[in-house]
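Below, each structure is written out as structure tokens.
Here chain A shows up in two complexes: once beside chain B, once beside chain C.
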Partner chain A sequence: MSNQKKRIFQIEAFQNRVVVDPKYAEKTWKILEHAIHEIYNHNASGLSFEELYRNAYNMVLHKFGEKLYSGLVTTMTAHLKEISKSIEAAQGNLFLEELNRKWNDHNKALQMIRDILMYMDRTYIPDTHKTPVHELGLNLWRDNIIHSGKIQSRLLSTLLELVHRERTGEVIDRGLMRNIVKMLMDLGSSVYQEDFEKPFLEVSAEFYRGESQKFIECYDCGDYLKKAEIRLNEEIERVTHYLDAKSEGKITNVVEKEMIANHMMRLVHMENSGLVNMLLNDKHGDLGRMYNLSRRVPNGLAMIRDVMTSHLRETGKQLVTDAESLKDPVEYVQRLLDEKEKYDGIISLAFSNDKTFQNALNSSFEYFINLNSRSPEFISLFVDDKLRKGLKGVSEEDVEIILDKVMMIFRYLQEKDVFEKYYKQHLAKRLLSGKTVSDDAERSLIVNLKTACGYQYTSKLEGMFTDMKTSQDTTQGFCSSHPELTDGPTLVVQVLTTGSWPTQPSITCHLPFEMSALCEKFRSYYLGTHTGRRLSWQTNMGTADIKAIFGKGQKHELNVSTYQMCVLMLFNNADRLCYKEIEQGTAIPASHLKRCLQSMACVKGKNVLRKEPMSKDIGEDDSFFVNEKFASKFYKVKVGTVVAQKESEPEKQETRQRVEEDRKPQIEAAIVRIMKSRKVLDHNNIIAEVTKQLQSRFLANPTEIKKRIESLIEREFLERDNSDRKMYRYLA
Partner chain B sequence: MPPRASKRKSAPPNSSTVTSSDGRSVSSKAKTKGMEKIDRLFNSYANSSLGVIDPDGIEALCSDLGVDYTDVRILMLAWKLKAGKQGYFTQDEWRTGMKALGVDSLSKLKKALCELEIEVGKPTNYEDFYTYAFRYCLTEEKQKSLDIDSICELLNLVLGAQFRPQVDVLVEYLKVQSDYKVINLDQWINFLRFCQEISFPDLGNYDSALAWPLILDNFVEWMRQKHS
Partner chain C sequence: MILVDGITLLCNDLEVDPQDIIMLVISWHMNASTMCEYSKMEFLRGLQELSVDTVEKFRDKISYIRSELNDEKKFHDIYNFAFSWAKEKGQKSMALDTAIGMWRLLFAEKKCPLLDHWCQFLQTRHNKAISRDTWSQLLEFFNKVDTGLENYDAEGAWPYLIDEFVEYLNENGINHSKME
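Showing the complex of A and B:
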């Protein structure tokens, strides 16, 4: 190794110090400042994007970002102040236009500036947490233009003025509005809200408050609602055209509150045009409008529903207590059906099948139908009328429709067991007199009842139909096995099973000889094939067809009841009979006999008998003759009186009593059933359970239930619990 | 109490004897001696042909005891004896009763009667006594209810001392109403509960939605109407 000096690397400083031109930043800035000026003066075409970008880039690179940024702020602010002056100077309508134009310019300028200063935007600004260029531009616009003293309030009042003009029917420049509003939105939602939306809503509220006040004084309910609806739609349209979508809910709330909610009470109850009037006159359009508008308002629907309910209950109550309609059961029920149809129509057409309204309808009907305890009887009479003659010639589908409607009313009845009792009576009369229009309709109704109330309800009714059919076969069998009787009177027998048919006291009378012999023959025939049964003739329920020849030789065939036949046959052996003789000869009970004689002697067109004296009532001393002068256009004359009628007071009491008696075992059965499964149960729960179980037949009275419980305790089916007074225990 | 014929029989009493080694029971000897006195007392009132104390005998017993034969204490005695038939005491009943009272002479019986009143008054016994009183009056087999007049008398006798105001009004009502011609055991028991639980005469805590018998619901309604 030679003696070499150790080499140490040394870095020497530049011989010449590199000096950054101190004026460099200033010079560069000036270039950029000039560019900004040009941009704002619409002279941007002469600029070189690349050069400007490079300059900005260099400034930031050489740590002059601060200068650049603050220069930007200053320059832009200065320009905006100029712009502000020019906007302020604009007159009248040109104000908004000028504002809009300058805004567009500003945006274009901002974009170019942002592009030029992009490097700063991406490096210096994030590092120093300063506002980015674009946003800065918006903020400066906001602060210097929008919030400038001379512009801020003028802008707001101009916008509101335009809205007001549009509301009063003028056409405004919606495009311009949209742009201005969009500008506010771009400046930030707080600007939009504070500088426009809030005042807008306040002014609108005032406007609508005033308008609604005016309208309510001069328009009736229907017209007012039309106006309200129009205004509502206008506002919605306004929003879509030139406001922020988020404003829709707010402005509609204002309209709803001022025009609808505040006046709801007054509108609904307006005399001669309010809700009640609309309901009465089936004004579906108005009702629909009211429904839709009320839906928008808190508790609006509830109010309408309540008014409808109380009106319906009131109307219904009048219907069922109106003395006129009570005279005619068919009319009574028809009016109920009409009312139901009316409201069904309203709810489906105007209230868009709203379930809550449907429920209100149902509860109202249930309420007033049961106010009248004769409703079950009347409904049965209505059905009876229809099945006798009302449905003659009606198509099968229409029959179904009518019966369905009746079933709907039937379901509202609380005392379905009362209905059953009457229905049975009326059905019996129909079947026995052969007066039913359509067998299919009868059957169809039974099926409907079965669906509504269960099998047990209709099993007896079906039994009645079976008896009729079987009787036909029996009668045929009797006739064919006794061919020798074909010359004499024809006997048609209906054999009724006692349990299925309504209970009647068995009253017999003295039949004419020809008939009694025949009846005996039938009895032996029947008992021959059915040993162990007992037959008893129900002479109060039969009918007869007899041929009669009167004084001038006029021949008629008379259709009469069995009783009437017995009376008339007596006159084959006597010209004149007094009441007592008739009574003795026929052994018909007095009340029936009097009715029977009345129907033959006192009714015009059916007076086959003559009575002395000619009074309307039957006295015990009256005498009777055949009416030789009897005349009728028809050969066949019907004199019978077996039609189902509305019951008289005493009959009604009797039926009601029987129903009450029938209910007792049903209640007891229910109690026993429940206690058997629960073993121990407290008083209130028993009452609730029993009521629920019996609901499909009738409304059980808690006092009655208590009575039954006590009876069961006495008969040792139940006992009270020793420790807890309220509990009952089942005794096996 | 008015004597009535009854076919109800009381259960025979349970007796047990202890025999000592010498073949003769010591306690039974003592028992026999005690029983002798009791039997003697029994026989002094019994109808010799029937072998039971009949209504006449009871009347005699009452006058010897210095109580009216309609006095409630006689009813209490019957309760203690668990007498089955109204107006009659059988020998077994007598024996059981006297032993339970620890009595074998008339004078002792007199004293015991007063104590008996206290014993019956105890809550645990009172309800039992009250129920017994009703059953004691059922003379026919299968009879389940008593007519209104008897009930009123019985109410006075049994509840009169403790619940005078309630009894007075209740008796008045029972005589006036026409819904019920007889009262059954269930209703009877609830009369007592009514007196015990319901504040009177305001009836503030009466709730007709509860399981009170209907007759009491009607009674309360009647009372309220009277006072309004």
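Showing the complex of A and C:
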């Protein structure tokens, strides 16, 4: 226990100022300088991080940041100059390796130095806006190594040399390349671009220019494109392995320009191997390649598309004007279908269903199909052939496929109304002779037409089918209500509504007694149930089955036309008849009669009649006998069928005229419709609107439209505007 | 009704030839419905318009009436009037011969180099009646389009017959009005 006085502690300020040792900064710096040396000499393990950090910290704290910083710069620069010399000294291949090694060293050193000088990095440097340590290290490297006179050009040429070697097939050290390139990238994008990328692109351009020139001389188009593709892929691969990703676009542009764009014309038009040749031979692989490569080049696709279009138009034009195929409509259309299929294949397999190519295809087909004004007729004949026999035994799905293909061709027709006319004629013949292979196929086609052209187009066609069905019922009704007739000849009647069926001038002839009586009975039966209607027999469209016994007892059943039947029946009452007698007895018009007699007397295998004289043509003084010696392997003999045929010139003219006549009211109706809603409209607009409205049926002729307008003015439906003679006004 | 004889008398009094175009102008004033016939109403209306009530006054007015043909607007009306007047009663179109006669009459004083070609064209190529629209548009055509046809616009909504006429001229090389 002590009796100590209480003492109050006082804290006094330092009485003597703390003077920093003037040599303090120098001493501290020396420590750090030494450390840097050691770091660069790979002797860092002996250093104490804590001590160095503290020293650096103190320097900055005591306002010696300037000294520290400039010291750093000087020291580092000196070291880098040493390093530079050692790199320069490296021989040959070791140059890059040495550079790489030293760079790695430098980075490691830089890391450590930065850590040590972290305080300065965070305080002094921002305050004075000086370059941070890490960046400083990179810049110094750049300035002293990369941009050193002896290294800069050597580095570039080494790199380019390696790339070149790789391009010529050698294997190079890609890892090393990657590191070097990454170094350049780390030094800043401008370093990468100026010191490597730009020259790289220039040299590459030259390389590919030369190579493409060589290739184009010795390779054909397909092989050249293969080579180009390979090179392109190589460059892309090169970028992924050791270049900056941003270089990909630039180098591929170079290849595209030098190898493809510059030679595009020559390649596409190369004889025997260019685009046209590829198209002709369905070289899908080559075409696909050309498509992909052209896509990369400005206007590349446009060029191929144009070449394809003009080739297709030319081929198509030849197809539709080729005399050989014009003789056979079925062949003609088949060729069109084949061509379409070929190009559909090319576009889907090689041109990846490119819509612009699809459009080019469509416009080309539309162009040349309509060059031949008989295309609508031929297409109808093709369909006729298919529906008569071509589709026999074909499965339902396949039928659909074929009809769909035909429909596609149909859509290209500009004169769809011409097609309708022919189709009606051919359909009538098919229905009346009962020669349709498949009712379903017929119906299916009608549905397709309806979808393509609207319900009005097909309403009459459907009417024809209805008539056939109704007639069946009517005939049945007739037979069941007249049971006494079952012993006599059987009558099958088709009642046709005039508006729906193609108009024919109705020419009646004298029917044999047995038939005319029967026909009268039918007429009264029908009119009994359908008052107010008129029936007229179309004797030029019917058929008959007759049983005949010839001289030696040969029995045959002959399938003949109604006219032929009338002629043959005359021979029941006479052994010999001369032409005039037959003409009088049957009242068949001369041209039909001659054809009819010719088919029975002058055709081998069907000559049920004998003619004197035995000439090929029917003369007015000829005499006819039954051919007692008639022989045929078959019991049933078909003598003359009413088959749809390609029209003769005069018939064609007639049909064309009728079509033109039919168009007039349609044009007028369109004009009136338009004017009714617009009230006032100028000349050019009317023409445009009318053409548009009628487009789905036919291409309206502006001159014809003008004539119709004048006719309507005459009939006071329209008038010209008083002040502007180009305007028309609707008169209600 | 004043008919042919009466009209001949009238012409004598006026000292004009019945074929003179002035008769057309007078008929126009009367708004006569058809040539060679004047109803009483038409006659009186015409005289009223001309403000004449004696033969002398009528005779004096002749030169004035003749001059009316030089007025563009009046000529336009007279020309269009001529169509209904000269054609057959009850027909919609005018017979070709009548039309040609009328055109020659109407354009006699005017400078119309294409007129002869037009008439020739019609006689060789067309040979059918002339519709009202063609008639009226012809005047526009002669007025608007140069003899050289440089400003003829094929899209100009001209009647079809006029388009054919231009084609005819081109075919026969008649469209050059320049010196060779």
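Note that the second predicted complex is superposed on the first by the 713 of 732 C-alpha atoms of A that agree within 3 Å, B and C clash if a C-alpha of one lies under 4 Å from a C-alpha of the other, contacts with A are read in each partner's own complex, and residues count from 1 in each chain.
Just so we're on the same page, contacts are C-beta pairs under 8 Å (C-beta built on N, C-alpha and C of every residue); 3 or more make two chains touch, one makes a residue touch a chain.
The structure displayed is predicted, hence computed values, not measured ones.
With chain A as the common reference, the superposed partners chain B and chain C clash. By the document's definition of touching, both partners, chain B and chain C, reach A:706.
Looking at the shared chain after the overlay, A:628 reaches neither chain B nor chain C.
Of the two partner chains, chain B and chain C are each touched by A:683. Of the two partner chains placed by the overlay, neither chain B nor chain C lies in contact with A:341.
Judged by the touch definition given at the top, the superposed model places A:439 against neither chain B nor chain C. Touched by chain B in one complex and by chain C in the other are residues 682-684, 703, 706-707, 710, 713-714, 720, 725-726 of chain A. Contact residues on chain C toward chain A in their complex (touch as defined above): 92-93, 131-134, 137, 140, 155-157, 159-160, 163. Those residues of chain A lying in contact with chain B across their complex are 682-684, 702-703, 706-707, 709-710, 713-714, 720, 725-728.
Contacts from chain B toward chain A in the complex involve residues 144-145, 184, 186-187, 189, 193, 209-211, 213-214, 217.
Residues 682-684, 703, 706-707, 710, 713-714, 720, 725-726 of chain A are the ones that touch chain C when the two sit in their complex.
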